[in-house]
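For reference, chains read A, B, C and D in written order, and residue numbers begin at 1 within each chain.
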């Protein structure tokens, strides 16, 4: 398991390759990359600053990954989340999950993203032509996380 | 008892403080009671931490509800709903 | 859209990067890599040969991707499937989906994999210590595809 | 009418043929009827293509059911359930 919070960019391909390297039981790697879009909620986005709660972030991500590991048969998981200033096209987050079978890999990857969106202490502030603004949590993010407990 | 209280993101900006030590009478033991003390400061504190407002709390780096217990020396964080990913 | 059937290996990271390059509307890339495992259904697997129906393969994959594109808001899709002889640890398939939002990217990626498993004309023959054997379709694969029509 | 008939994977091996031309009486127009003709060859054909067996068909490179229409010049493929991915 690898959990990293960093202001530097990551190489998604290298992370995916490393995740499965040397374990011939891995039959499936599902992954997700989240990126900064150049517009959001009707405004252009020039840049974005990601703030976090350093003492809590690693711990929160670890708890989410552990929860996924209890629920599905996983062989390895990598979560990388960037902080600091980012620009449109920049990578924000990588979640990659290795399993023997694809259903487990897909479900766990989406579960980790949904919980990360509602449980991990990151906050986005966008710079737009109309000035800076804090991104509001979307109701759909709460709903996406809630469906895993149904 | 003494608590280390942290504020993040929009709340940190609005309240104008990132971290402080808050002293509560001994015997007060829930997140909700800390919030009552903070609201009692009035002004932006009463406004931003009003009951209808959308904020979250963590106690010792774990997400916590308003009824979560707090003890002397705890680190309590108050912040808007998270928006990472 | 890129659909490729090839006996050569692919670089999953480069494909994922290419998929989002130059489109700042992409906020989410969900991807899946399927790999040869060193055991299956209780036997060791020494190698695997993937046969396909060349005249139909590209067409079938194109139809699956088109169906996903009607159902979700997708910005781009890459599907690469290998044929020929493969060994444990080798990559078999890549499905990568770019969208503005993660729910669309995840759903379409899993949908494409589920349909590929039941609709695209590939067949696996494994070499095991007990001799060669054709892989049988699993009931769970039919079920996985069927749930999208519920 | 003449059909190009292809076999893949386990069926190709069992039947011992990858591709052949099959001539059907004019007027026969469904995949099921081609299968009747093939089964009538007896032996491994009758066995592998028996009604309870698990196989699939495609007409002109599209997955097709047993009732799918076939015409002169069509390419019909018969194969086991697919196992890619």
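One rule holds for everything that comes next: a contact is a pair of C-beta atoms (placed from the backbone, for glycine too) under 8 Å apart; a residue touches a chain by one contact, two chains touch by 3 or more.
Just so it is clear, the model here is predicted, and its values are computed rather than measured.
Treat each pair of touching chains as one step and give the shortest count from chain B to chain C.
The fewest steps needed to get from chain B to chain C is 2.
As a quick test, compute the distance in whole Å between the mean CA positions of chain A and chain C.
Inter-chain centre distance comes to 23 Å.
Using the average of all C-alpha atoms in each chain as its centre, how far is it in Å between chain C and chain D?
Whole-Å distance between the two chain centres: 26.
Could you grab the centroid distance between chain A and chain D? Build each centroid from C-alpha atoms only and quote it in angstrom.
Whole-Å distance between the two chain centres: 48.
Using the touch rule from the top of the page, what residues of chain A touch 2 or more other chains?
Counting only residues that touch two or more other chains, chain A contributes 34, 102, 113.
Two or more other chains touching the same residue: where does that happen in chain D?
Residues 85 of chain D touch two or more partner chains.
Applying that definition of touch, give me each pair of chains that meets it.
Here the touching chain pairs work out to A-B, A-C, C-D.
Show which residues of chain C lie in contact with chain D when the two form their complex.
Touching chain D: residues 34, 50-53, 55-56, 59-60, 63, 81, 92-93, 113, 116-125, 134-137 of chain C.
Note which residues of chain C are touching chain A in the complex, please.
Going by the criterion above, the answer is residues 11-14, 16-17, 20, 24-39, 88-89, 100, 102-103, 105-106, 109-110, 113, 140, 144.
So in the complex, which bits of chain D are touching chain C?
6, 8-10, 13, 54, 58, 61-63, 75, 77, 79-85
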